[in-house]
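Labels run A, B and C following the written order; every chain starts at residue 1.
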Amino acid sequence: MIGWVLRRTAAAVALVVLGTIVLVVLVHLLPGDPLTAIIGDRAIDPAARDALAARWGIGRPLPTVVADFLRNALHGDLGTSLAEQRPVATILRERLGPTILLGGTTLLVNFTVGLFLGTWSALHPESRRARAIGAISLATYTIPAFVIGLGLVWLGAIALPWFPAGGASDPLLDPEAGLVAVLLDRAHHLALPLLTMVLATIAVPIRQQRSAALETAHAAWVVAARARGVAPRRVAWQHVWRPALSPVITLLGLWLPMLVSGAVFVEAVFAWPGIGSLLATATAQRDIPLVIGTGVVVILLVQVGSLLADILQRLLDPVQRTA
Amino acid sequence: MTRARPLGIALALVVVMLAVLGPLLTADPLTATVDGLVLQGPTARHWLGTDQFGRDVLARLAHGARLSLGIAGLAIGIALVIGSFLGLLAGGRDGLGARLCSRAIDLALSLPRVVVLLVLVAATGTLGPLALAAVLGLTGWPAIARLTRGEAERLRHAPYVLAARTLGASPRRQLLAHVLPGTLPAALIAATLGVADVLLLEAGLSYLGIGVQPPTPTWGNMILEAQGHLATAPRLLLIPALALVTATAAATLLGDALRARLSPHRR
Amino acid sequence: MTPLLEVERLQVTVPTPGDPDMVAVDGVSFAVARGEFVALVGESGCGKSLTALAIPRLLPSGARLGPDTSIRFDGVELTPHPESAMRPLRGARIAMIFQDPLASLNPVMRVADQIVEAIRAHGTSGGARAEARAIELLSEVGIADPSRCAAAWPHQLSGGMRQRVMIAIALAGEPDLLVADEPTTALDATVQAQILELLDTVRRARGMAMVLITHDLAIVAGRADRVLVMYAGRIVEAAATTALFTTPAHPYTRALLATLPRLDRDALLPDPIPGAVPSPGRWPTGCRFHPRCTRARAACHEAIPPLDPITAHHHVACWVASDEAGA
């Protein structure tokens, strides 16, 4: 088991490094002077231009540029943002929290509510409710996340003004307000973006769990469990849901990139101050160091998530665990 | 799901007709109406009303359809060519080259598509529709390559390929004449489903302001412009959103229908 | 003394794509006394598994019992019981073991947990006492290192060990009746014998009745008290084991016995029965065996023979056999 974990971690590290290299190389491979691409049509003074040239290795061979970038990245230096003239790493640190909050809560909801609904649908396959769940989740999956977001903004912030239309917190909140007030405010702001993310992505866990549970629902061990008089509820959880869990956890790793794209667009709709919206605005401003730095961090997060999911899946499956 | 297939074909036809015929039959999407009627609801002259600059919404919708579908078609074409080729190389043979190819596909798959897309857009700046299609195609090939690779690996060992080999066919001929055609159905299905992804991505990019730039209409930037008028004219959001969802659903249903037709044994 | 189990006119219909109400078990009646070992023998497709599943009412969804069916356990009529009334019986009074021990064990639960679950299903407390009892049971079914087995996952055990675990689970509730649906079919020949021995030992030690379903007539010789032979949804012969093997009355039974390889005969190959077992829904009119029967007469085409006694404890459903016995 340990050997496998080490090998898998090494693979994840390799992917992050190679992904970073790809991003850096892409920028440099594009036609034209890379420096022009980086600076765009910004006004910039000669000294800064020279520094940038040195930094991005204009005139230096590509492998050196890549190596320098990697070396700096390992020390936590991801470059300097052109737009804000601040270290990229600092900006990222500020914006990471809100994304983790939004992404984390989405994950939590999807893999609790989603799994529950999926299992329930498998146990009552012909019921109207199960069919409704399937249809609704498919419908919301087809609608792009930003459209769902805008729809919810209209519904929740304009038609019924119960929720704020954007932001992660109220800038006018009294700094002396107690913890409860702060938490409530945050929750209030989190509601619509979270609902958007969940609606856009929950179809996948529901369908996966449903199909996995349909298989286990007809398994011989379920009949055997009933034959010993086990209560129906326990049969449902211990004998239908639990063995169906393993394939769904694998899904987690594949689902993470969907979370990323969801985050970029949903954060844009709600002006959520996370790294998704950061990536979008940085792209619009052609702030290449920031874009690359953010991209690298996103790749890192996705790989870490995928690694954890794989380890979890392996732990949950006794066959793989004892292999 | 089976009942939905004819629906998918019907929806697709509606969307395509809108894209092809619409621009020929409607007003100029870029100019405001002469009478300057702004933010008007549906009337006899403007079936879907006008937007905040007095432009005919239906005309913009139709032109946007043409542009979006065109970009999507081109992007998928590019992705299909690159993806099939690389997938074939990776799965259809043995050896170092094939293994490297396979690893390259795995690496490309591990990168979140949105990230690569945004990096490319950031580096190239404002994109015209052609460049946008190219960028979308260049980020879309890994999914097709993975599928093609799987099919190629499977078909390599199929009896008819073996038969060709015993008749003296060279590895290249085996690959091109026998394995490649076998991978096409799967690639086609992936491509059809990929159209849905590309439509959504192009709309998303235009919504973020980094895709097709206004005043040229595309459904994505129509949605962007509608955001500021959500309270007063939610119709401006609803109409392009509905069009987008319809087109995406049509592409997905078509892909499912294709899959059922072409590989019924592997539902 | 009332029999422990009385099954009368058992009819089971299953929904199939062609026929929503296909009859798979057509009027089966038998009784099992306390502590008795009854074997139900038949080829695949004759309905024996469904008969077994009907007793604790674990039929697949959509399957239904016929309106006339009566299943009495310890004097109590089970057919009108709702599911909630059946559950206390399962495991505690009627236990069941199945053919495929790997598929019948939850792959993500350790052996001990599954036995403890059976113990706790009927109200006994869990904890250390239940764990200890689980190990005791594993030892009783002949497992050499019960603690290690208890801690293992199902996929780590051999086929024979898994079946022993299944038996241990079945015994956990101290049932009065054990229904065993082809428990040895999936096992190697030597292991088969061991499991059958085990079942016999355990049964005798606990005074437990057992209904054993099998397609292999050979394994019940010398073990079962009575044998019921089933064909095409009906019982065609019912007798004490010795009587069945020495004086089989039904042509099907005779043919089955003739297919068993024997050391004391000259013929190298057994005689197969010509033709094939008719599937449910395609049963011939009259006696269902008549198309393959060497002794069929006109009457056999017309009416289904009832299960008639030819001696006090030997019943047969055959016009020819009944006539010969002077019934």
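The criterion applied here is as follows: contacts are C-beta pairs under 8 Å (C-beta built on N, C-alpha and C of every residue); 3 or more make two chains touch, one makes a residue touch a chain.
Please read these numbers as outputs of a predicted model, since none were measured by experiment.
Trainee: Of all the chains, which has the CA centre nearest the overall CA centre?
Mentor: A
Trainee: Comparing A-C against A-B, which pair counts more contacting C-beta pairs?
Mentor: A-B
Trainee: Work out the mean Cα position per chain and let me know which chain is farthest from chain C.
Mentor: Measuring from the centre of chain C, the most distant chain centre belongs to B.
Trainee: Rounded to a whole Å, what is the gap between the Cα centroids of chain B and chain C?
Mentor: Once rounded, the distance between the two centres reads 59 Å.
Trainee: Could you put a whole-Å number on the gap between the CA centroids of chain A and chain B?
Mentor: 23
Trainee: From the C-alpha centre of chain A to that of chain C, how far is it in Å?
Mentor: 54
Trainee: Taking the touch rule as given, give the residues of chain A at its contact with chain C in the complex, in rising order.
Mentor: Residues 219-221, 223-231, 234, 238-239, 242-243, 245-246, 316-319, 322.
Trainee: Once bound in the complex, which stretches of chain A touch chain B?
Mentor: Those in contact with chain B are residues 15, 18-19, 22-23, 26-27, 30, 37, 40, 142-144, 146-147, 150-151, 153-154, 158, 256-257, 260-261, 264-265, 268-269, 279-280, 282-284, 286-288, 291-292, 295, 298-299, 302-303.
Trainee: If we count contacts the way the header does, which residues on chain C are in touch with chain A in the complex?
Mentor: Interface residues on the chain C side: 56, 58, 87-92, 95-98, 100, 103-109, 117-118, 121-122, 153, 155-156, 166, 169-170, 172-173.
Trainee: Can you tell me which positions in chain B touch chain A when the two form their complex?
Mentor: It is residues 107, 110-116, 118-125, 196, 200, 203-204, 207-210, 223, 226-227, 230-231, 234, 237, 241, 244-245, 248-249, 252 of chain B that touch chain A.
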